[in-house]
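The structures considered in this document are given below.
Heads up, the next two complexes both have chain A, just with different partners, chain B and then chain C.
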Partner chain A sequence: MRTEPATRPRPAAPAAGRGPAPEAAPRRGLTRRNRPLWMLIPGGVLMLIVIVGPMILGIYMSMLDLDQYTLRRWVSSPFIGLGNYIESVVSSGLLRSVWLSVSYSLIAMLITLPLGVGAAVATQNAFRGRGIVRSVFLIPYVLPTFVVATVWRTMFQPEGVVDRTFNGLGMDPGLWLNGPNTYWTIIFVQIWASWPFIYLLALAGLQAVDHEVHEASALDGALWWKKLRYVVFPYLKGPLSLAFLIGMLHHINNFTLPFVLFGIPAPHDIEVLPMLTYVTSFQSFRFGLSAAMAVVSLILIAIPLFIYLRAVKLDDGESGGTK
Partner chain B sequence: MRMRTPAALAAITAAAALALTACSGGSPEGGSTGGAVDGTGKTLNVLVNVNTLYPEQQKQWFTDMQAKFKEKTGAELKYETFTSANEELQRIQTSVVSGQGPDVYSLGTTFTPTAVATGAFVQLGDEEWKKVGGKDRFNPATLGISGPSEDRLYGVPYVSRPFVMAYNKDILAAAGIDKPATTWDGLLEQAKKTTDASKGQYGLAVAYKDNFDPWKFVWAMSVQAGNGIVDDGKAKIDDPAMKKAYETYFGWLTQDKVVNPASVGWSNSQALAEFAAGKAAFFPMTTSNSIPTLDKSPLAGKYEYAIMPVAAPGDSSPKSGAKPAASILSGDNIVVADYSPNKDLAFAYIEMVTSKDVQLNYQKTFGDLPANAEGLAALESAPHMGAITEAAEKSYATPFTGAWGDIQLGLLNVTVQSVPELAAGNVPDATLSQRLKDAQDKAQSSLDRAGTS
Partner chain C sequence: MSATLDVPVIQAPHEVDRPGSRQQKEVTRLLPTWLLGVVIAALCAFVLLPLLYIFLASVNSDLSVARGDFWPEAFTFENYSKIWTSVGLANGLANSVVVAGSTAVVSAALAVATAYVLVRYEFRGRLTMLRGLLALQSIPGTLLLLPVFVLYSSAATYLKIQIIGTHWGLFLTYLTFALPFSTWVMVTYLRGLPKELEEAARIDGASNLGILTRIILPLSWPGIIVSGIFAFLLGWNDVLFASIMTRPESQTAAVALQIFATSTEGGAVPYYGQMMASALVCAAPVVILYLFFQKYLVGGLTAGGVK
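== the complex of A and B ==
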């Protein structure tokens, strides 16, 4: 076959200006060995103060029997070792909450991914009013979560808009803000609020596809699906992996949405992790137990996160644009 | 590159320095006691809850109080606000740990035990009471939740928000009812008479999904039946009186059908809206704060308040030996932080805001009742105030224990988890018993913690 030599075989090079690549020829004598690493000290110190310090404190707290009665002299509150951890795993419903959180986040994410990509592809080519459509797509993402949750809570009221719509179709779906449906309610609202994030990142990925690539594939006779599947999607792998990761973390940590939608105490079916931690900390005032829960959930979430990071190689700095 | 990094470094350093100074800034003024009420050059920091109903009036109120306080003591008065009990607790936490923060806190009554359990507030002895104008200046009922016992008091009563029952005079007259019942059974009969579901009119407007109402109903019914929920460190939630209370409260919806089925999703303000629209005969569990809303509604002039029933479900008169509780003791207390270097100023401030005139003024602006006894007496004849002042005097305190937050949550949780069954029209007996048992276990373990600490 006489193919045109592919000008850019890989979509990897983050060509668009991101400053000098580290491996580029040594400039002005800045070699790997002589880099002024000491300049990182302020950042490092800040990181110690802002991230590492509190984290160590949190781990220490999780081993104290710290509650409203011992708070005043918290440093001398009883040290109970792993007591809080045992309690959180055995009798606090923590594992169930983790499961609820992770599963709901995953379902929401799996539905938002094709939605976001579809929307990005649909608005990729210029057409009249594209600017408006693109702006409208961003509305759910721009609205504060509190507003989104309040509006949906109103619509999901018994005999509210949603109920009336279902009744109009001859169906009685039951309650949305209490009982088993709550799980699907939060998934739905989460999808509504977060798909534009996927859309944004997918759009950014699409922008990176060079015009020549489109031309080349067209010359090769690739039809839209083949083009999409073998030419465009590979470009999206990086941004979408990133979107998946950030989105999952965001969903799992989303406190405002369930809090505003369902209130405290949460219906049993939607007692997600942030709600449980919140209630333990600020309703029952078991600060030690709550810290233990936070640590346990951090570990539980860190394991798949780590595997995932290795798998998609987001942490090797190659894909650019990571945190 | 070379140029930029040092600049960024400088910026970070500057930012860090700023952040550090910001942390240490705002510390209390120097000089500890000084003269009794001569606070010249000092600043008193007061933390109060933000008033979302009357934000403008509250700002005005702050300005007025600042001027008055300056005139009285020469000191500056600085108000800070919080929006929820949790936010306030966080403030207390940080203040408690760091030993600095507001001098004076305003606390919701049911939150007072929790806050006092941190041990961060001044216990009031005779001398302190004298400084705030004497203990007998206050409506005796309001002192019920100032501390764990009569000789261990921490909170100075500030305002009362007793719960009462609003009723629609037209609907009652049409049904031939001359006055609201004083027993829960009697109220149910009247509610049945005034329910006409075909017209969308119901006897009671009840907010089953409110974050507070449900536990207040069952608390009142249970207390009236002689079960105070906490007895000598033992929780009594899995007790027949409590079960009967839940059955009655749920029964209005499932058996008696005297409430709108949609009320399983209502908060208190939605129930109020329903009542204000003239679609309910009675609206139990409201406060004087509903007056402005109702006066602006089509119901203006056609509603009145009564105290809620004081005889437990099944009883025809208040049980002897039980408390005829018309309402939880609701409102705000004021406490003084024990790390405060300005305690005398703090007491002078409390003296000022609990004086009769200031309290009456406050009532006129915000609707909250005076804790000041004379002020309360002066209101009895004001429009709508008869039943409300009566309820203020017949209010009873919820148990004063640091575990109360958990117990309250447990009671509320029974209703929250029962909402799906409520909507379906039947809460099975076994399910209810199991939920009560769960709440009992949690309450007991929380009480055990309170006991051992």
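== the complex of A and C ==
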């Protein structure tokens, strides 16, 4: 590393440089001089050892015939190529789990969108007590997932408070934590826990609406729903697409919610991908098979992630979608 | 920014034209008042009823909760005194605080340094690393669980370092998983800082490290707090790794809470009251932390989405 002091500052940027910087020179201001690249080492090494390394190891393990007998000497356990993948697709219900994961995430996502947008629109303007309302809206998102799941598990118990409410209305919906209803149980709880995220991003989008736009639509005498539909919602398209992608990533990866809500082994009707992977590893001890499933979930995740990474502007200022 | 300041000067100010006046608020209004009330009331009920239930159930008897009573038949606070020892919640909370707290501090420190280099310096692979930060956040934990476990076990076998079952194992894991997001939060924060101060410091002969510690650090406390809190939450909220990598004496609060669910399957009425009391106790620090730093955290949550 060179220690000479950086002798000359770069040609000073125009005074307006910090405003909406012109796209033409996004890297202006990045210096190549005297770079303290060593500062990247601690974080980089950690991420390599604990994330990237294990990820590659996991992909390798997915091609081994690995169970509780061979785990101790996993290096020398038999290499079976794509055997685990074939088995997981053919006989372990992997495709069903993929379908459950994706469809549940999608349904939950589609319902949280109007909730979050509604909340954002409702709290956009100042009113007495708005601060409190905003804080309240954030609470479900703030609560640890294991707490949320524990609480809803208690409420959804047979003859629990949810059942009592339904009985009071003269309905008997059956079991919530076992059987076919579990699918809707997890969707409901996921919605309850994650709609504030949409709310936050929608709120950020609303704040990007310039005052002039409000004035213009007021001058034109736009009715409130027309204003929402044609003036305000277009501003939200970006943030909401972003929220959609991130939300899908989170839901598909969500292990804690089904794990705590239903316990293991999970009811057959809600054996989502993370649960199936976990149970295959730590209940059936088919580690190789489980690793193959995990790799499949990685591939599944890669789709929204890829779109996300393309949408995000890495270089200047804001991440994608806001414009 | 300056435009709004100029308004009163340019025009003979009518009361109604002032920014923040009633008239101005009318212009930005999006919903009619009645609908606004309905939406807010409905969402508040949606959020608050379950929360109220947690509290009510935590001061209720197990039988009453099992029967599905919303309102307790008798208020009792003894659940709150039992939980500390019955499932070792005190021990669990202490472990959680130690692990998540140290994760937060170290991860925030590393994140600042990494983000500073990524934001201010040009080098080969910079964009790849930024992209990597986002990608690494999304790797499924279930994929890493087994390999990480095997890796740590190997460390015990070959290097004679016991990691599994100690605080170190969880600390190392959470720290690493927190880094991509913490760093990303810092990246978005540092981008917003003016470069002029750094340039001035550089002219005065400050070294890179000097700039980081004397200019960047004091200016970026809000960002550091946010990235630290997110790292803390990651450790506090994790169940997946904690369920595999802890022993009873090193288990975190999240794992302690699971004991209620697994230990009461014999047919007796589960300890619902204690379960809810523990849930509330586990949630309290997180909620308090959030509400306290809400202003900063909201910006961090939408990292980059806010101007």
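Everything that follows uses one rule, which is that the second predicted complex is superposed on the first by the 248 of 323 C-alpha atoms of A that agree within 3 Å, B and C clash if a C-alpha of one lies under 4 Å from a C-alpha of the other, contacts with A are read in each partner's own complex, and residues count from 1 in each chain.
Basically, a contact is a pair of C-beta atoms (placed from the backbone, for glycine too) under 8 Å apart; a residue touches a chain by one contact, two chains touch by 3 or more.
Just so it is clear, the structure is predicted and the values come from calculations on it, not from any experiment.
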According to the stated criteria, A:124 is in contact with first (chain B), second (chain C), both, or neither; which is it?
second
Considering only the touch criterion stated at the top, classify A:233 as touching first (chain B), second (chain C), both, or neither.
neither
Let me test your reading of the model: by the given contact rule, A:274 touches which partner, first (chain B), second (chain C), both or neither?
second
Pick one for A:174: touches chain B only (first), chain C only (second), both, or neither.
first
Tell me which partner A:39 touches in the superposition: chain B (first), chain C (second), both or neither.
both
I'd like to know which partner A:184 touches here: chain B for first, chain C for second, both or neither.
neither
Residue contacts on chain A - larger count, chain B or chain C:
C
Footprint overlap on chain A, comparing chain B with chain C:
39, 42-43, 46, 71, 74, 157, 159-160, 263, 282
So, in the complex, the side of chain C touching chain A is made of residues 25-32, 35-36, 39-40, 43-44, 46-48, 50-51, 53-54, 57, 65-70, 110-111, 113-114, 116-118, 120-123, 127, 129-132, 134-136, 138-148, 150-151, 172-173, 175-177, 179-180, 183, 188, 191-192, 194-195, 199, 202-203, 205, 207-209, 212, 233, 236-240, 243-244, 254, 257-258, 260-262, 272, 275-276, 279, 282-283, 286-287, 290-291, 294, 298, 301-307
Can you list the chain A residues touching chain C in their complex?
3, 5-6, 9-10, 13, 18, 27, 29-32, 34-37, 39-40, 42-44, 46-47, 49-55, 57-58, 61, 71, 74, 115, 118-119, 121-127, 133, 135-140, 142-147, 150-155, 157, 159-164, 192, 197, 200-201, 203-208, 211, 214-215, 218, 224, 227-228, 232, 239, 242, 249, 252-253, 255-256, 259-260, 263, 273-274, 277-278, 281-282, 287, 290-291, 293-295, 297-298, 301, 305, 308-309, 312, 314-319, 321-322
Under the stated contact criterion, what part of chain A meets chain B in this complex?
20, 28, 39, 42-43, 45-46, 67-72, 74, 157-160, 174-175, 177-180, 263-268, 279, 282-285
Which part of chain B faces chain A closely enough to touch in the complex?
1-2, 5, 9, 12-13, 16, 86, 89-90, 93, 96-97, 114, 117-120, 209, 211, 261-262, 264-265, 402, 405-406, 409, 412-413, 416-417, 419-420, 423, 446, 449-450, 453
